[in-house]
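Report on the structure given below.
Letters are used for the chains, namely A, B and C, taken in the order the chains are written, and counting of residues starts over at 1 for each.
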């Protein structure tokens, strides 16, 4: 099922070189500095319940495609907010997936799933209605074995470091449990403060109160609020965190005076912020977070531009993260100016920019990252984390930002078994890109080998200090 | 003139496979579910007057390019609104075209014209000043023969179904005549209600009156107006229609309450709508049309984003559709939300989205069509209906929407002889794309053959129920 | 260091043809109709001071990349506004550059520098920390020789015509000196009136006074102001100018009545224009400049979309043109309408449009230039003046605008030694594009040779009347 030359250039000279480059990076350890796997898996090290729970129900890439062709999310076991019926029989869910597996032709999900089936579970045919039960049984059987427990897979996947993301309100008990277990897998957290920096986040006022309690300060004054952030960041740092992450609707930043910020914060605490004011407050908090990064060394990640929960009926029935987050046009050049005027020239700061709007690669992001010392470009993200998307990322950023203002690959996944598949795709696409540059006389052979290794391993380690 | 391997990949393995794929689809019947040919041609089956009237004067792709290099539209026979002089001598027009034919190098017009010259008329050189008269005479001679009458060409082109577009105010007499003639060519209409849904359409108030008369209801009340739509849609359905088409400036939709809609409609009838209100009304009507589609099964097509009649002087002298319609940036994610909240999760509805703004392919359209069951993506459209444009469409939509949320090809043409040429280009570009996927290990050989046939034939038939 | 087949297609048939095409254009004279070299070089014909002053300090492409990775601009000798310390030792600057030279991998700067090292100075290795001093010494030695003086290089580069850009307030003394020197190199000026058409330009009111003095009219009345433009344009024309150039933030145009324009101008003279009014005034002046072009035949260039001096701290310390100009999203379809309604159908006018927003190529610019007789498309510009950028330009404009609505290449450079390198890159990319079209059956062999020569030479000469 897996062509050994997949994603390499079609022409022979370039393909041969891509293959040679890939051979030198294919077995490098995985640095996964940004993702959404569940730390509980590694803390408890329990077996995964069944193939559907592993591959279908948690993976919005998979169920959104099925949904687009009329399969109901209830029938795929996606849990409902109101606790209403959803399918719980893993085999039934699996058959429904198998029946529609042709929909994934030429999509990255197909490539990730094929890779996991073949490389992780040793099953080397793509799935269809006829073999659905066989594949199910095969994977289910594997899942019973110790070598398919979360920690064993983590080791088999050759993961050197893996970051999850947690809210400041999280007690990080699973991360503590991992540390205390004596297991030496490096699973760290990252600081994602949406519930306490977004005035329109559900329960914001209560969150701030809880935030203060956890931190042991009064977080309802502006100073106390910032102090609470410092305290929680320090605790996250103890649990291995080296970064914070910010997933706002836009890339807007602000740099208010202390008095302005305090006033806005007090308004937020009264639940009186307009949409515009909430946006401004979130924007200002990016600048505050950047200032704290100068103190504690966290890499600051900005993930803007997703219009979350686009469908009201789906959001009301199923809640967050159900495949209905749709990218929107995103401006960076005006939005980031306040932050960059404040800290953009800092040589010891690392701000990693992501986008869901590919038009910004060549127009805004590469020119910005190609001049401001504090900026780096995150890899192709979410819907663009695909062979074509990664190729476009390199083609549209390299000429202006070079390779060294990028930070290697992020898998950003909730699907554990897709981690090696995703990193493999990124390595192949980068090697293909480099090989093409060499064959076109734009890069020397030696340099290509060095860059391949940098993109795969060194840049991610360095940018995230992992 | 026509390279048998045109548009296939350059590398041999991929080219060989593209050729093999193409061989299986090249002779499949043409489904043309959206276009602007004249039903009168098929009703009357009269000969086309002369080569210039067939190829130059009605084709804005052709005369806009000549205009861009200083050729006057009058000299190309483009009719003036004021009835002022324009050239009527077909041969003179033809010579002017021939003299400037080098301008079309590497454009789709060149490919379509070459295909028509060679494949339809058996003339196998490109045109220039020297051979202009010869080509003219050759084609003119052909046009005298019965095998070049509209119906004969329709059959020769292997068209299984062809849709034209008409206004609800049209009596569809030519469609009726086709039916009554006993000819078995399938030429159907489509419901394009701009004159009665756009408050700023020329003569809107009179149009509504006429609309009511034709439908036999009082269309000046909101309920009567909707009823008139239902009645006319039913009549269009009798004349073969399976779809409606909506060419608004933006993709804005609204979902007003009945009272709000009625109030806006009454304002429109008084000619008092502001630009904003007219836009809102058009947006609401998309949602109403979608609701009617749930009743009568019409596929709903949204064709937004053309800034029509960009040049005032040209519009004043020559009127609509003169090559001065220019694409603009188009938002879908916010614009479509009201419609999608109302009917986006309907499994039996087909809404086909088009765009003139390629930035929306990967950012908005593929993510939307890749999750909402009611949505499908129309093919690359208008200025993007070209080899590079079609390639970009596949590269930017397939990874997120897959193949099965697309609907095959639409030629959307006014130039009858370009229909086989356009479908041939689409088939070749799709086969080239599929072959490249296979050679890159992203799709299996078998799958590619199945997908090639789906993209060429099955998906169009299915999406438009033709 | 320079692969003779660089930038050609990878596949053999296409590569062979690209090579053949390139052989016919590689030695054609350079037409450089738009750039920012210093006329003083050619007037005085003094030797360039040292390698750092030639390659690093004046080239914002080079120092912005070094800055992005933490090198301080002071250490690169970039002069400070406040006259504070910056490095003056060329060798130290050069070593800093050499140490970071790996950052330029796969960037156009690397290609331009390599070309200049090898082709101009006969040094055929890329630079690094180890060979830094050797390269420095080698180039420094060359710079002492007469064959490396500005005029000798101009002749060696085979430059047939070179335009610089000057303000109407410039006395053009260096241009006059060139003329009076008897040297027959064709170095002409271009009219760039920002200081006197932008109400928010530093010193605008004083500039207008000076403008009137130089022109010998009272430029503080609207009529006198326009007359001053006419007088200065005539003087620029005497100094060889054939074009004007306009670098506004947006592409906005206006076409006010005389009374409105006069009122706005008087407000500007009082320093009372709002941002909106200043923008409107600049927009109106584009239309006035176009009208003057109808009188004096100047080609009008519009260079919009750069958000200049993005970093306040950098602007305050180092001033203009320091690599902190960032592209922004740019609308053309609405912005240009007033200008185009006024003069867009003029057959004897040449307006050349540029963009920093590649999304406008296929969506707006090619459709506009593909129909309005007065419009032409400038080549890929600034950050997009690179192999990938030039390829995207051709792929996204050719199908709608053809080749003949484009104007050949502009190097737009301040770095004299990069001129042959940049033109060579453009010629190679165009030949690669043409060869691919031929191999894909989209253009005939003969046509490709003719187009290659047109794109390299004829179109630039014609569009700029050089």
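To be clear about the criterion, a contact is a pair of C-beta atoms (placed from the backbone, for glycine too) under 8 Å apart; a residue touches a chain by one contact, two chains touch by 3 or more.
Owing to the predicted nature of the structure, the values given are computational and were not obtained by experimental measurement.
Participant: Based on the touch definition given at the start, go ahead and assign the chain network to line, ring, star, complete or other.
Facilitator: complete
Participant: At the interface of subunit A with subunit B, does the proportion of residue numbers present on both copies reach over half, so same, or stay under half, so different?
Facilitator: At the contact between subunit A and subunit B, which are copies of one sequence, the residues are largely different (under half shared).
Participant: So how far apart, in whole Å, are subunit A and subunit B when each is placed at the average of its C-alpha atoms?
Facilitator: 40
Participant: What parts of subunit B, by residue number, touch at least two of the other chains?
Facilitator: If we look for residues of subunit B contacting two or more partner chains, we find 11, 359.
Participant: Spell out the residues on subunit A that touch subunit B in their complex, using ranges where they run on.
Facilitator: Subunit A reaches subunit B through residues 2-8, 10-11, 64-65, 67-70, 102-108, 111, 126, 307, 310-314, 323-324, 326-329, 356-359, 383-384, 386-389.
Participant: Which subunit C residues qualify as touching subunit B in the complex?
Facilitator: Touching subunit B from subunit C are residues 9, 11, 13-14, 331, 333-334, 337, 340-341, 344-345, 347, 359, 362-364, 366-373, 375, 395-396, 398-405, 436-437, 439-444, 447, 451.
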